[in-house]
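One structure coming up, written as structure tokens, with questions to follow.
Letters A, B, C and D mark the chains in the order given here, with residues in each chain numbered from 1 onward.
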Amino acid sequence: MMPEKNPKTYWKSLSQPCGAAPSPPVAGDEFPESHEPARQEVRRRDFLAAAGFALGGVALGGCRRTPVEKAIPYLVQPEAIVPGRAVHYASTCGACSAGCGLLVKNRDGRAIKLEGNDLHPVSRGGVCAVGQASILGLYDNRRLRHPLRGGEPATWDEVDADISPLLDAIRTGGGSVRFLSGPITSPTKRRVIQTFLGRFDDGKHVSYETLSTAAIHQAHERTHGRRALPRYLFEEADVIVGFDADFLGTWIAPVAFTAGWSDRRKVEQAADDFSYHAQFEGRVSVTGTKADRRIRIAPSELGAVVNHLASTLAARAGVSFDSGQQTPLPIDEHVLEEVSAHLWRSRGKSLVVCGSQDVDVQVLCNFINETLGNYGRTLDISQPAATGGDGDGAVQSLMQELASGRVDALFLDNFNPVYDLPNGAAFATAMGKVGLIVSFADRLTETSEQARYVCPDHHYLESWGDVSLGNAVVGFRQPVMRPLFDTRSCLESLTRWSGTTTTAQDLVRQTWGDRVSWDRAIHDGFASVSEEPARATTFRADAVSAVPTPDELSADAFALVLYPKVAMLDGRVASNPWLHEMPDPVTKVVWDNYASLSPAAAQRLGVTDGDLVSVRHSPEGGTATSIELPALVQPGQHDRVVAIALGYGHAQSARFADVGPEWLEKKPTLGPNGLVGMRAAGLLTYQKGTLQLSGASVTVSPTGGKHELASTQDYHNIEVPAALVIPGMDRRRPMIRETTLASYKRDGSLPVLGHGTHHEDLGDLWPDDHKYEGHHWGMVVDLAACTGCSACVVSCQIENNIPVVGRDEVRRKRIMHWLRVDRYYSETDGEVDISHQPVMCQHCDHAPCETVCPVLATVHGEEGLNQQAYNRCVGTRYCANNCPYKTRRFNWFEYAREDKLANMALNPDITVRTRGVMEKCSFCVQRIEEARIAAKRLGRPIADGDVRPACQQSCPAGAIVFGDMNDPKSAVSKLIRSGRHYRMLEETNVKPSVGYLGLVRNRKEDEDHQHHG
Amino acid sequence: MARNHTESRNNCRFLIAIFEREADILAATAEVRRRGQTIADVYTPYPVHGLDKAMDLRPSRLPWVCFALGLAGASFKVWFEFWTSAVDWPINVGGKPWNSLPAFVPVTFEVMVLFAALSTVAAFLFGRRLLPGKRARLASPRVTDNEFALVIEQKDASFSLGEVSAWLREMGASQIEERVEREAF
Amino acid sequence: MASAVAISEGPLILGNKTPGIVTTDICSSLERTPAPSWWIAIAFSGSMLLLGLVAVAYQIATGIGTWGLNNTVGWAFDITNFVFWVGIGHAGTLISAVLFLFRQKWRTSVNRAAEAMTIFAVICAGLFPLIHMGRPWLAHWMAPYPNTRGSLWINFRSPLVWDFFAISTYFTISFVFWYVGLIPDMATLRDRLKAGWRKRVAGFFSLGWNGSFRTWLHYETVYLLLAGLATPLVLSVHTIVSWDFATSVIPGWHTTILPPYFVAGAIFSGMSMVLSLMLIARKTMRLEDYITTRHVGAMCKILIATGGMVAIAYLTEFVTALYSNNQYEQFAFMNRAMGPLCWSYWIMVGCNVLSPQLLWFKAVRSNMAVVFVVTIFINIGMWFERFVIIVTSLHRDYLPSNWTGYAPTWIEIATLVGSFGLFLTLFLLFCRFVPVIAMAEVKGVLSHGKKPH
Amino acid sequence: MLTRESRSQSVTIVLAIGAVFSLATLVARLGAFHLPGNHQGYAPEQPIAFSHRLHAGELLIDCLYCHHGAETSRHAGIPAGSICMNCHSIVTDTLGSVRAEDERAEEEQRKPRRMVSAELQKLYDALAVDEEMKPIPGRTPRSIEWIKVHNLPDFTFFSHAAHVPTGVACERCHGAVETMERVRQVEDLSMGWCVNCHRSVNRIGVGGRAVDASLDCAACHY
């Protein structure tokens, strides 16, 4: 796949030096706007606008003026590139440390879409929303375009000439050098840093992460003598018990975990093998929404519950366990008994995961897993991934060192401790004491603007790299395009300052040498490393002890839970508009964070959605911190918990002041602080040497202010308000149909609906006119597998050039996402069940939208697609009104923006829609057409699996299946024949082509929350 | 009209009697016909009920125009809708049949009404030579206000101006005038 | 209908008028310099119109997003105003055509103004489908004309296409009907006026009319035919407008009762608007002799009758929903009456069902001020009826996840005000430049100069 | 003074003459009339006067030699300078002028000079190569900015790869390019033109082979 180095001949002087895909050879042009496809996007809009005046133009038809459009060819034709044809390069995602496999779609020298790598052993084809969106980081106009010296632009030579002597002086003077970074999963980078620091007498690498897993590392150090993060194999687990671990949303490697978890949640494949999943948590996480049993506990109760569980299991196993001074069990003991019984029954095939940062609790979880014999089966510590694990305290010691002025040089990786750290301001002050600060940040942040030298690193899509994935697997990263700016790999910078000039490519290659087949590794994006032996570990029972009982919360206090949102994580992506506009999977709120309170708590405080509350943390002996946030009522949350998302109030979000359309009644996207949301990092605490995201005792008090939250969903319940229902009639809407595993196994079908919504297929009135003899495209979405993670939403947005509209437009319910994930609560006896339902255009064969369009802008295709021709649309919105699913999206304003750099991420095959036209999901018809053209050339029909829409491609859970309904052997046809297949609103006889597989929860029948009508 | 047209080359003599009451003009008109004189026309400010009988005019044939063109319009439209939707470019719209005849009814009806009405009005205006900007030739300046004018054409030499004027006055004519014109009003 | 308004209450036109007096009465108001009240009125309506023009210009330049619509509620003020104005228009046609067919002579005093009102209302109505488009400059794509796209025709299955044909036909026919009725009066005006531009204009539009009875004979036939065509047309137009909703799949829209319901509502709202305007004109233009309590009384009775039909329609909808055993259908109506937008529903019921009940009393009917207030209430109520049908059905349809609210923006409110401005301005100009009462027709029903029956 | 009748007659005559005149003008211009967006006949001057007649017509170079993307990509592609140089590193001028120079050189008994045509010199300038085809130090090659002749609206997706491998001949859409000195847009490239071809090939096939040319909107618009 990689073109070899071009032999240099006389006219090929512009070919790429390192074999990366060449960019168009427009010399000295940062934005190759003259490059044809990029410019097309701009012109497309102009044209549509101009077409508007066609009528007026008729009169002037005689005086014709042809717009001059230029076609600029390559000077030298690169071999791998055919203009207009996409090339895919395998790489590894760099958005977080999980290291998922990517296939980067590259068109005409620029990366335009990140797809999952199906062959990848860890992520198995999925990519999360954050990963998908990370492509925009490449085309971010806030990126530094050259190194900075003292805030002024400089050249690399100047910077090198400055830094090298300074470092020499420090080395000879025996000074101390510190390298501060996030967790480093790249063996090469670790090696290069070590080499670099090794040249100094006092060189030290400190790593740190807000979303810390330090407690797990430390617990394993205690129990297994190995400071490492185990590999979790959810696909092996019959029973999964999660304690505050959002492993389907944000915890460690959600894509891989979702893939593993969902393997065991597919009734069609594994009805007898369906896993049981219990989740103990205080807030409502994505993982919690998918649990078969979700138990609400406050963070302070976690220790007691784990203690009890450990002691019951120890008793069952006959292992001695000193449960210490038993605190009363804060939950129903039958529930604990049920969980414990499930675990015991599936010993060796169960998995207990815990997201707590309390090392004692983690140790107990290790004990439980060990007692159940899970080590080596569902979790593995013998071949862990190489991650950091310095512990959370290291950065605090570093800060003291900095403040004392003992550090001579500080190197900062591309991350932002001033924002991330709870005492970031103090860190910033401490940095002031350091003589030489070098930052590798790709932009100016609170941290990097303090650095004397900013040496911008490449975007990960422009770099060489590797990621240790555990189990002797390494992911590789290759540059998929020529660097856009005058940036340099951090690896090369460090090497150069160490006195050598090795390229990043060679550095990575040196790390692995003969242990991997290089060409194949680069081609695949990953490789198994030979000669990396597993290290056996033994469990040290003596390390286990009961968890000390935490202090009780005072009566009016709340337990604070700080959490990463699925889209925003710890704020590292705060400059990405796609992620800000991705509705939170649980709350459906965009462009904000908020203080989530349970309905009872909100009632007690007398607040409702959008009422500002002040959350105040006053540690004993410390200074009080408080932030003011809008409240959000979150059904299913623990009554003593207030949950706040991290990652907001980030200085990078100030740039969104002008997002969204400008008009008279526009309301700002930014909050009163000039940023998106409020920074909650100040509420983080340290306890027993680990960073605590949850558990701090805070007071919550209403301030009387108001801040309207922008949510994509106003009404959240699957049942309509009781007051609006004629007594005796069904309150529940049948959009979500669900069943329990037990009753599904017995009936093989979903519960029968109440009359009024029951559908009898009366056949077609005109069977002969539209037969769909070729392909008939259809889709099935498995609601049991769907976690609501919204990777599909962002994937669809990127693939289809869907604009970002800003907070105010979302508040006005004008979000443009073609694919949305509806989230419904259903409440039984105070317990809330949550279901997610991805809804896109249903491509009805009797589409109500088509009938009403006056100008034939939306009509039906020969293969069952509901087509929308934007250029024909006059914008009556009648189609959207008549769509029972409301999946159509109207361009209320000219949403497209003239950002030449960001627009390079646009898909050149897709029209950028102008103001006043309707748009909607097309089933990724561009992919169908591409597959058709490819199949035609090969002289064969389109095979099942040739076409995968963007949503299906990215889904980590494999919940979305697309294919030909006319082919009885296709995957989609097989699912349609499933007993839990249903179509939404089929009683209206619109004949949708999208079907759903009913939600299955692994419960006994008497627990069935489904209302039988 | 046709009759007047043949005589348009020659100058004709007209006797114009002005009445001020609807009842008088009705009576006078009937009397003129009874006496065998030729009524060129009667000019009234409003359609006087019964004057058509008094003048012995045939009912208008415009309803036939209305019917024929309405029917033509409807047939054209129903064919056009069928042809565009099912023949020229059949496009699958919401799974509806190519020939969605019931859906074609509303537009067909509207077009029928449009054709019928416009053609009737056009036929009327053309038939009565009512054209924008045309100068009106009035029997009396107040014939559009409150006067009724009875115009008698002097067809033959036996016409006695004095005699006719006399009995017209008797019938209530307030004013009598003789005018020579190239054609009728 | 005829029996409902049977006239046996004395002469139609008071004051023992002769045709000459009629001419003078009606034309003199056009010949005088306008009264200060007229100037005040036109300044007021003109500023409303200007406000509307600014709002529409802003909206077209910026986008439909300047309205309070959203992905769920795609229509609100725009189509509400459209249906409202179309409904207003229908009374004009009804008065001139249907009452003509029923030989209701009392119509002659009001038909001219009613027809003018129809035309102006249809202009206002036609504006909304145009400006509600995302790309109004492409409105010609609604018309089936041969083109270079293959030819790509239009979708004759779409109720919006039906609307396009219905509204354009309705406007054309109403205009022709009005103009044909105006020809003799234009001639009267021409012959009265002194030389000047107004005489020339009147002369141009009078088509050389000279009162020939031969022409009158054909004229009466044409008028009858037009009346005969306009009557089913008026029914078809509002039926088609109702099909915009009735053929959809949205609960609250998808119902077979809509066509008769809409037609009755249209007559109801139109009649009340005619009455409102006539009461104003009667007072301000001193036309008490022409628009008598008898006319007002007859129209009040029509209001009671059509108001009753509308009330029955409201009730029937509920019963149908209740009987349907369809949860969406039932919810749509429960939500209307008790959901978040229930205030609009109760305004509608209060204005349209309760307020006309006052008209049962003769004392009320003969008190012009009270009648005027009732007609205003009905106008408000009928606007809200369309709002209720459109918005409350859309904002909470099938999927609870899609449920939203709706609140108008100032742009929308200004556009509504502007449409009233346009309507009133046109009407005031009409009062100034066109005989507001069909003189030729009134002269025909005078008792003066006729043989006693 | 004219009588009223004769005045109206003369007005009629004037109007009629006017109408006939304008109609005649209109009919005469009908051929030249184009709807906006229709650039049929567009033949812009190019930065280098490249002759398709010479290359495709006389020298019979296959279209796909230069426009090699046509089989596999949506764009047929404008050949890179490197492709020109496959021949033009050797061929630098017309055979005629090279022969003439040879003869002159023979006459003057000197080594023939290398002849470079003015148009090819533009190519060499763009690529920044000297007479020996070696890069000129210090000069950056520039791309040649050709003027696009066949422009489709941006809301229309057209793929050469969907047409060329099916056997649709290049001239079907581009006309007899091999006869054109300067490329001209022969067809109007309107939607109706596309659709009508799709309709007809569905009936008669392409080159005797049955094809399935879609008439779906989404075949081109998405």
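In the analysis below, a contact is a pair of C-beta atoms (placed from the backbone, for glycine too) under 8 Å apart; a residue touches a chain by one contact, two chains touch by 3 or more.
Quantities reported herein were computed from a predicted structural model and do not represent experimental measurements.
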When A-B and A-D are ranked by contacting C-beta pairs, first place goes to A-D
With centres defined as CA means, the chain nearest the overall centre is A
Could you give the separation in Å between the centres of chain A and chain B, each centre being the mean of its C-alpha atoms?
80
Roughly how far is chain A from chain D, going centre to centre by Cα mean, in whole Å?
48
If you average the CA atoms of chain C and of chain D, how far apart do the two points sit, in angstrom?
58
Note: chain D sits from chain B at a C-alpha centroid distance in Å of 64
What positions in chain B touch 2 or more of the other chains?
89, 93-94, 96, 135
In chain C, what residues contact two or more other chains?
150-155, 157, 159, 161
Which positions in chain A touch two or more other chains at once?
51, 54, 848, 851, 853, 856, 859, 861-862, 872
What part of chain C is in contact with chain A in the complex they form?
58, 62-66, 68-72, 74-75, 129, 132-142, 152-155, 157-161, 164, 244, 247-250, 322, 324-327, 330-331, 334-335, 338-339, 394, 396-405, 409-411
Partner chain C, residues of chain B touching it in the complex
1, 20-24, 26, 41-49, 51-52, 55, 57, 59-60, 62-63, 66, 70, 80-81, 84-85, 88-89, 93-94, 96, 100, 103-104, 106-107, 109-111, 113-114, 116-118, 120-121, 124-125, 127-139, 141-146, 149, 185
Can you check the complex and tell me which residues of chain C touch chain D?
147-152
Residues of chain A touching chain D in the complex
10-14, 25-27, 34, 36, 40-41, 43-45, 47-48, 51, 54, 57-58, 60-62, 64, 66-77, 82-85, 774, 859, 861-863, 865, 867-872, 909-911, 922, 925-926, 929, 932-933, 936-937
Which residues, counting only chain D, touch chain A once they are in their complex?
29, 32-37, 39, 42, 44, 68-69, 71-75, 77-83, 85, 126-127, 129, 133-135, 140-148, 151, 153-157, 159, 161-162, 165-166, 212, 214-219, 221-222
